[in-house]
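Heads up, the next two complexes both have subunit A, just with different partners, subunit B and then subunit C.
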Partner chain A sequence: MANRIRILLLIFLLLLIPSGCWDRRETEQLLLVDALVFDTAMIDNSEQYKVTLIASKPSPGGGGQMGMGGEGGAPQGAMQWTASAYGQTLDEAMLKFSARAPRYLYLDHSRIVIFGEALARKGVSEAIDFLVRSRATRLRNFILIFKGNEAGLLTAKPEFEADLARELFAILEASVREGDYFHPNDLNIVAQDILTTGQDPWAPVIEIFTPAHGNQENTGQAVSIKGTALFKADKLAGFLNEEETQSFLMLKRLANTGIYFLDINGEKVSYKYEQAKVKRKLTLENSKVNVDYDITLQGLIEEVHFYTELTEDEIDKLEKMLANKAQNSLAKVIDRCHELGSDALGIGRFIHAKEPKIWSQYGKDWAKIYPEMNINVKVNVKITGTALGSKPIVPE
Partner chain B sequence: MRNVKISGGQLIGMMFWTIMGTALISLPVLIGIHAPRDAWAAAVIFTIGGTGLGLIIGGLVNRFPGKDFVVYVQEVLGLWIGKLLIIVFLAWLLHTSGLVLWQIASFTHISLLPNTPFLPILAILVLPAAYVVIGGLENLARCGQVIFLPTFILLFVLFFLLIPDVNLQNLLPVFGDGIPNILRSSITPIALAGEIMFVVFLAPYIREVRKAAKYSVITISLIGFGGLVNEFFYTAVFGQLRQHLANPFYAIIRYIKPTAFIERYDILFVTINLFGNFIKLSVFIYIFVFCLAQLLGMKSYRPLMAPTIIALLLLTNYSVKSPNELIFYFDTVFPFYTIPLLYGFPLLVLIVAKIRKVS
Partner chain C sequence: MLGRLRRKKKPGENDNFPDNGMQVFSKNMDNNVKYISETLSKCCDVESRPIKLGKGAKVDAYIFFVDGMVDADFIAKNVLKPLILLDFDKTDRTKVPTRIYNQLLTVSTVTIEKAPDALIMKILSGHLGILIENERSAFAVAAIGWEERAVEESKAETVAKGPRAGFVESIRINRSLIRRIIKYPGLKIEKLTLGRICNTEINIVYIEGIVMEGLVREVKERIERIDIDGIVNLGMLQEMIDDSTFSVFSQSYSTERPDRACSCLLEGRVVIAMDNSPFVIVAPALIPQFFQSAEDYSSKYVIASFIRLLRFVGLNITVMLSGLYVAIFSYHHEMIPTELLKTVSQAREQLPFPIFLEMLMLEIAFEILREAGVRLPRPVGQAVSFVGALVIGQAAVAARLVSPPSIIVVALTAIASFTIPIAEGADAHRLLRFPVLLAAGAFGLPGIIAALLMLLVHYSGLRSFGVPYLSPISPFSLSDWKDFLIRAPSNFMRTRPVQTGKSNIRRQKRCKLGGK
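For the complex of A and B:
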């Protein structure tokens, strides 16, 4: 008897399993958000948060792909879905999507977070806090800043990938080692930098442009990522352009590769560095601290527009000229950072790490001390070779 | 009961997760509150404290080899004081088991089953632990042995995947948080290291009783090393952000860079935590029912299981309200009665036994 009851109980327990999960969510019921865009907007005379989702929607009917160069925007439109919601708080704005889409908002696979310029100037800490606190968003979401009006971003068409978020992600992932026009930065680092005194956040910038040559679709704008947005605490202070970004990344020790060119008698020589060794040092001078950068670049001469043998003397001369040029552009970026009051280079943090005693005096009013800090740069350029296997083609 | 024998490896496997279970979930947050940059130092202090207690345990076990703690406590301290202290210890054990259970349930609730009511989660989590305990010490020891190695290795593999994201500057300046803060941050880890004293209850069943101290110290060193690596990575990867994260371990596993081969590692967080805390909970429940049965002079602890589990569920359901409250409690209240109890109790027994020359 007891055995039978036991078996019956077991069967009863097993019956619970086939009934399925309690709160399961099928994949097709999820709204897979690829990117989140945060901005502010004036609604009814009050400034509200505007949250935009860039989500991908499984195309109806499964694999009915039009392939490349398909006619019209229809197949792509079926993939990307964007919508905006407004709210006094971010939570409110997020909740409003439920009235719009018959899907569960699913942020776990989001890979990019974009801040509009207006919000960035007001301060991003509330949005960052919201994202860090959220159960779903990962700290490895890339952070991007969008210059100007956000409407332009949302109408831009991806040129290679299925949706805008994937296009941006692909650029961030693939192009970063190809040239120092930007460097990705993620939620973790930005949140840390907001919290750390002596270290301000920075993030790459999205730019919208109209491709000159008409694509087949000819629908207007495309996206690219270049330049850097510098923050002061959690507020956007200003932008660096591509050229300044190259120097900025070098000072941040994030440089991969880039070009310096020289103009010699109207003809150009192009130098491509492939390695940048950056040493930072603190020097004390009359009870003031200076930061000295010692940078060694190694690279190749890849392009010469005039005929030369490139003898050792000539290479020495070129190295000096290039060092000079690099030094100037680095100094310019440091000035620009000073001018914006943004310590995105992390000078304060560096002093804190190396000289905690000095930092205990500096730390309190670092914002005032920083613009007057002496930051010196010394560049040493090494031409390890020429990529010119043969004599250049120059008319006699 | 008497003929059950567990090996040293099984003991280490059990005790490792008994302490590490909580260390993974709550400790990183509360260490970060006091000393975010020098969090690794807390792991070192933890090891020192735990090793000290391990030696005390060794002294006790060698003095009373093969005898049960509950029995010789009453011989050494006298019948009534002995019984009273054991009751105090049991009260602590039940309450702490409640905290442990609440903690696992809370992370399951937050990360896996957000819409499921809390009580069913508690019940689901306590069932396997209860099942193992009913099976006896040998089952528990074998579970510990089986679970220990894969989870231990996995833990380190996960952290090593984060090496590209390490920023060593986050750890500088060394001791920049100040010695008082570092000491303050290590109070709770030391309290948790006290849980190694559970070895005195398991000692009579260890195959080589004389090595109890050695096993305890090995366990503590393994946990200390694990803690050192964990805390190092939390600080190096998250810097000042670590004190703002609700669950740094979950956050750090979600932060691992997705590769083409494996994109998400979230499930490993759940695996490690559920397995580890399952061992922890089982050990707690086992020690509780085992001691209670001996105190009441019962032959088997099995009749006590049902009331214990029900009491535990009720206690857990009403004892804590929010994860923050639990962290706050672990930080400010828990160590101040746990350290005297877990360190003081065996030490007292050892000293009195030496003075009275009981052995």
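For the complex of A and C:
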């Protein structure tokens, strides 16, 4: 027993020595990358990858006693470090950062991956492959497509959060609950979609804009999410605007709420659906497959620009008009998908699941068959209320 | 070589008295007095005087007592007065001792001693020794009357609700405190004497018919096996009767509260009381006991259960938190939520020490402060705590020597350890955070897991008086969980703990209770 105690003491003493021999890294040695931006650029007449990091930078003299010596509060702009590097491969570009930053490039906490439009049009599969291969990056990274010149992105200022990456992440995360005009998509799903025939990837689009208000502090440009990018295989095919995105997300059953408005003789009525039941069906017709969407919307009239109490007849009329409107905009999105040749709606995947035999014929040249597919939409609108407990407010 | 030296017995080492001592009283009183006086020579507290018994001063006698241990008034009134003033005239000379014993000594406890050495022992423990001429025996009159601390509120185990009395230094009062709660003839209190020189009284208290089978014999054997000059501190006795002395965990626990001791007796355990100790030992002690506080049984079961769970969380924080903090923040950054990592790394920017060293220093600093605060007199102790907590903590952060999150972790770890109500459990587990911290600093989470596995193996191997220490976790017994991580309502506590109460498991009959 006494021997065992001696051995135990020896172990304790020895434990002091290997401390840090393994892959210990102090937090202050890490460069916490929040977002990765991938794009292409012409360098020395050859097209190279351009990798941009948006990383957290410790503010000088940060931490310590908050509130003592007037250090409290988040220092403006000091929290973000943005840098770009070029390389023939992504790996080479990433390696170049180590010459600039005295820290270990730490990708584990990156939450957003942004692809520039130029790279997205060329194809993102190499970059996605690089990210999935890397042990560090998480599959939960949100994917965004940046429309326009990426240089603008790096000078854009966050409007709420301390840094840009955090702001984008917060916007995307909030939309997981709210989501109507956009919906986040992550690395995992995009990678899967690239691998799946009959399902093309898609991702939200971000754009730079200049805030309209005259706030003097905020003179720079800001970022917002505008629409959706559709891919054909791994290549960017085209964009959907916000209105189209709403319909697109409804067809994908990712968004349950949204608004439609009607224009009746110049007066407007706005309808907000709070429930969208989307049913998909396959029908066979002369050995051709059709896809039928049967959609039921339920919601309220939220805004009326003419001063009447809505009678039941009028509500019936409104329901029909709204159904018509919704049907048109959904059909427009489907047409747009056909036009771009992008099966982001996953029609192929649906046929594969429901009719594997037919898919075995279709699968091989799905890219050719898809634009010819017949996709029908039928919408049924229910107005459950006028969101009004009393008579409308009418000026005397 | 050492062993041989140790085995060599010095004369008189193993006995209280010289080998050539007097075995029995001689017929001649002077010889007896001379022997006792010589044995107790140079003891200024021993007082003696000759007296003449009876009105006619016919019979010579001699008394011995220790000043300060006997009640002088009591002796004067109940012993000396009747002996000196009463009339022996009509009594036959040979019947004098019988008359004294039967009629004259108006004292409840009187023993007749045949051997001078036994009488000396009695005198030294607060008896009055009376030698009478021409007698081969002597009286030892219990006249104990020394100053004693009154029964007062327990200091180590305070409760807001429930009985306040705590044990005191006198074993007589302590056993009476137990007897006052358990008025049952089956409550047995056996007496042992321990220590060649100190002759400390030890009481083994148990309830016949409830106590775990063979436990009393085992306890007695273990105590009797001890051969030592004297035990002054209960902790020494506790260590000497524990199954695994080398373990950091104590396999018995000490309590200052009679109510707690009694509830343990009712669970089939044994209580060992020692003279001069305001604590008693309870054995066997198992893991659940270290989470139980006397307060639990005074408050409602829901609250008690919540607090029990809280203590369990506190235990885990004590053992693991500082280790986890070091492991995660120096090896496994991917496990931390992004915002938390940013906050902490911001706070740790440009600090001079690695996180492991920082934690080690802070933990040691805390132990130093705690030790200093405990040993110092209370007002000074408070000042030390202030200096330690505020000045050092605050200044270290302001001087950018340590990071605020580390201070929070150390403080939380330290405070959490005080949620464990039994000192033995709290101290052992507080010490364990150092090996866990070392393992975390060297190997990260795998190191912590290895350390915890070693701890588990050690726990599983421990036994307290033959009972597995981890019971009721392993060996598993569901019925004992009613008083482990939670406390079931009192009317569900129908059985004694399986391990200790085997011989008489039923405690309560199922019946309609309350207003139903």
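Quick note on the criterion: the second predicted complex is superposed on the first by the 352 of 396 C-alpha atoms of A that agree within 3 Å, B and C clash if a C-alpha of one lies under 4 Å from a C-alpha of the other, contacts with A are read in each partner's own complex, and residues count from 1 in each chain.
What we mean here is this: contacts are C-beta pairs under 8 Å (C-beta built on N, C-alpha and C of every residue); 3 or more make two chains touch, one makes a residue touch a chain.
Quick caveat, the model's predicted, so the values are computed rather than measured.
When the two structures are aligned on the shared chain, A:Arg349 is found in touch with subunit B, with no touch to subunit C. When the two complexes are overlaid on their common chain A, residue A:Met42 makes contact with neither subunit B nor subunit C. In the superposition on chain A, contact of A:Leu284 is made with neither subunit B nor subunit C.
Residue contacts after overlaying the shared chain place A:Leu9 against neither subunit B nor subunit C. In the superposed pair of complexes, A:Leu139 makes contact with subunit B only, with no contact to subunit C. In the superposition on chain A, no contact is made by A:Ala170 with either subunit B or subunit C.
When the shared chain is aligned, subunit B comes close enough to touch A:Leu195, but subunit C does not. In the superposition on chain A, A:Tyr106 contacts subunit C only, with no contact to subunit B. Among subunit B and subunit C, the chain that touches a larger number of residues in subunit A is C.
When both complexes are aligned on chain A by C-alpha atoms, subunit A residues 22-23 touch subunit B in the first and subunit C in the second.
Of all the residues in subunit A, the ones that touch subunit B in their complex are 22-23, 132-133, 135, 138-140, 188, 191-192, 195-196, 349-350, 352-354, 356.
The touching residues of subunit C, counted against subunit A in their complex, run 244, 246, 329-331, 333-334, 338, 341-342, 344-351, 354-356, 397-398, 400, 403-404, 435, 438-439, 441-444. Those residues of subunit B lying in contact with subunit A across their complex are 110-111, 113-116, 169-170, 172-173, 176, 237-241, 244-246, 251, 254-255, 257-258. Per the touch definition, subunit A reaches subunit C in the complex via residues 1-2, 4-5, 12, 15-16, 18-28, 30, 32, 34, 56, 58-59, 61-65, 68, 106, 108-109, 111, 136.
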